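You will see chain A twice below: alongside chain B first, and alongside chain C after that.
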Partner chain A sequence: MTYLRDVGALARKDLLLELRARDTLPAMLLFIAATFVIFHFVLPGEPTRLETSGLLWIAILFTALLGLGRAFVPEREQRTMDGLVLAPCDRSAIWLAKSIATLAFLVAAEVVALPLYALFFHSVGWTTVAAVALADLGICGVGTFLGAMAVATRARDLLLPLLFLPLALPIVVGAVGATVGPPVVSSPGRYLAFLALYDLLFAVICWASFEYVVAE
Partner chain B sequence: MSSPSSPAAATIPAVGRTSRIPPPALAVASLVLVTTALAFVFFVAPDDANQGFSQRIFYFHVSIAFTAYACFIAGAWQALRHLWKRDPRADLASYVCIHQGLIFGTLVLLTGSIWARISWGHWWLWSEDELVLFLVLYLFYCAYFMLRFSVDPGPQRANLSAVYALFGVVLIPVSFAAIRLAKTFVHPEVFHLDGPAFGGWILVTYCITQVALLVLAYTLYRLEIGGKRLDLRLRRLREALA
Partner chain C sequence: MLTARRLGKRYGEKRVLRGIDLELPAGGFLVVTGANGSGKTTLLRICAGLAQPTEGKIERAATRGQVGYLGHEPLVYRELTALENLELYGRLYRVAERRERIGMLLERFGLWDVRHERVGSYSRGMAQRLALCRVLLHEPDLLVLDEPYSALDEGSAELLDAQLTELRGERTFVLATHDPARVEPLASGALALGG
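And now, the complex of A and B:
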């Protein structure tokens, strides 16, 4: 219970900071909307559902990267990371809280982005919404973990996309498979199950090894 | 450079029995095994019924691929030893294993591309699971080097590298499953290779090539880690003298 309280307090701190400063979320919203407009001109004419599904996932992935890159940068800049590490709570609570906060930003961006996608390109089905929800968990869990790693390096957030994209390949495969749906993909459920498995597997690894990322 | 009698080795405890084999003996063993493997591949193994002479690259391509996997897994194992047992030598060992893995990984991409060009007329085929998987792993491990070299040497660099190396071994099966899944929408038609039955001289040649490449990889690993340790000792001595 104490663990959950710690996670709640840390996540609330990030959400409160965002509410007051409004740094990340407006940037993510603008970015995803601008990306859709660019995509319209990248694929002139009437793009197929297969093509726009891919574009949707590129937009989501890069928007997430925008948010993930910001997750740990203020902690380093304001030197609060040492305080967090020294706080009398389990270190994995820092990862979980940051993941929850980033997830909240990403979901907020997608609440606007998915209707926009439906308006500009094709309608969004329930399997796509499920895929977005499951992929978000994986993206935020693994991405936050790698964000903490990247911020400890000299290259800072420059390194995050390099570390993250190869690890995001399974998410992209699962998410695109579920979004494309019939007739190209006969059983989107398999892709959703794959995404859930990925989330579970990497959540356990991140939770268990976060200690080594922040502590020396 | 790291022979048991030298004073350098006296302060660093041996990891296991295999590390007592001197590098020159390993080098000779590699030379003999690789020469035997080449002789078997070119003179003993029969021509493939469909692809003819060019199929012989299979012996190298597959053996190199398994050797690269072995290097990545060994790297992750050393990373685990670093995180778990805090073995001071495990970090360098993990790095050298992954470095060797990346070298063999490059060879997998090259030999795979050559084979694909000769057999199917394309330098790159997305329907080849092994090739796509290696490309993903290649990018992943290139990022490992970016990560490692943008952190100053010390406990934090060792920790970050170790954790990322562990992610790699989890990524291998997960990516493989993902690439298999992706075929249904990227490539509806899976390429079927109707090769000959895997047995007889083909199996013998393959086994010899596999053993030769594993020994070669181990020899290279020993040489590189020997050099790296010597370099580290030299730097420490210089710091002590300064």
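And now, the complex of A and C:
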């Protein structure tokens, strides 16, 4: 219970910081909406579901990168990570809280993005919504972990995409597979199960090793 | 409380600290002096457990929750109010009777009336006073203070003098300063770092 209260306090802090500074969410919203509008005009005629599924996931992935890149900015600029890592709480609570906050921003961006996708391209079915939910968990968990690693380096803006995009490849494979559906993919459920497995595996790895990421 | 043997620190090719020996008993008050770039901050970060030495070893009796660290930055969030910052740290540092303790510290350091204002609107001196509240909040056994007097006006500096005098002997201090005369009456030991 104490662990969950720590996570709750840290996540609340991150949401409050964004609510007041408005550094991240407006940028994510603008980016994902602009991406769909651009794709709408770039793609001539009626693009297939396979093509637009790819666009959807490119947009989601790069929107998430925007949020992940800013996740540890307050801790870096105000050096508050020193205060957090000296606290006697489990350090993985910092990762979990940050992941939850980033997830909230990403979900908020997708609440706008999915209706736009449906408006410009194809309808959004339950498998797409499930794929988005599962992919979000993986993106935020892994991305936050890598964001904490990258923020300690000078080349952080370069390092995060370099580390994150290869590790996000299985998410893209699973998410596109689940989104496309029949007749291209006969059983999207298998792709959803793959995404769930990825989330579980990387959640355990990130949770267990975050301690070493924030220690010098 | 703190024992260090042949402590050294390198950042790549650059050697910042070399051959530091320390023996600081519980209740001791070590004053660290030295010119800019002499390694004071690095030594203090090692003492606090925020950095690891690349040579030698350090033993610390205080666990990480029992360390209070004041760095060059106040380590508080500018977009949060003083109260929200201290509430957060109080929870994470397991402070008993948090509300009362926070109220007492804010009163003592003259920040009670601005407790609902965002730290970003504070002057540097007010932020430093809030940083002192944060450091003292969980009543740490080991206080590691890097230039605690910086940005404080004379009134606030005297308040800090009184606080240090009150805690002298009860807590262990490692304090870096450019003004050793100010804390000389409290010091039990001194370490001058070379350039």
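Just so we're on the same page, the second predicted complex is superposed on the first by the 216 of 216 C-alpha atoms of A that agree within 3 Å, B and C clash if a C-alpha of one lies under 4 Å from a C-alpha of the other, contacts with A are read in each partner's own complex, and residues count from 1 in each chain.
One rule holds in what follows: a contact is a pair of C-beta atoms (placed from the backbone, for glycine too) under 8 Å apart; a residue touches a chain by one contact, two chains touch by 3 or more.
Quick caveat: nothing in here was measured; it's all calculated off a predicted structure.
**Student:** So, does A:89 touch the first partner chain B, the second partner chain C, both, or neither?
**Tutor:** Touch status of A:89: second partner only.
**Student:** Is A:205 contacted by the first partner chain B, the second partner chain C, both or neither?
**Tutor:** Only chain B; A:205 stays clear of chain C.
**Student:** Touching A:216, do we find chain B (first), chain C (second), both, or neither?
**Tutor:** Touch partners of A:216: chain B and chain C.
**Student:** With the two complexes superposed on chain A, say which partner A:60 touches: chain B (first), chain C (second), both, or neither.
**Tutor:** neither
**Student:** With both structures superposed, pick whichever of chain B and chain C touches the larger number of chain A residues.
**Tutor:** Looking at chain B versus chain C, the one contacting more residues of chain A is B.
**Student:** Tell me the contact category for A:5 with respect to chain B and chain C: first, second, both or neither.
**Tutor:** In the superposition, A:5 touches chain C alone.
**Student:** Go through the superposed model and pick first if A:13 touches only chain B, second if only chain C, both, or neither.
**Tutor:** second
**Student:** Kindly list the residues of chain A that each of chain B and chain C touches, one partner per complex.
**Tutor:** Common to the two interfaces on chain A: residues 215-216.
**Student:** Hey, which residues of chain A end up touching chain B in the complex?
**Tutor:** Listed in rising order, the residues of chain A that touch chain B are 50, 149-150, 152-155, 159, 162-163, 165-167, 169-170, 173-174, 176-177, 180, 184-186, 190-191, 194, 198, 201-202, 205, 209, 212-213, 215-216.
**Student:** Can you check the complex and tell me which residues of chain B touch chain A?
**Tutor:** On the chain B side, the touching residues are 83, 136-137, 139-140, 142-143, 146-147, 150-152, 154-156, 159-160, 162-164, 166-167, 170-171, 174-175, 177-179, 181-182, 184-185, 188.
**Student:** Under the touch definition given earlier, write down the residues of chain A that touch chain C in their complex.
**Tutor:** Answer in residue numbers: 5-6, 9-10, 13, 16-17, 20-21, 74, 78-80, 82-89, 215-216.
**Student:** In the complex of these two chains, what residues of chain C are touching chain A?
**Tutor:** Chain C reaches chain A through residues 48-52, 63-65, 67, 69, 71-80, 84, 87-89, 91-94, 118, 134.
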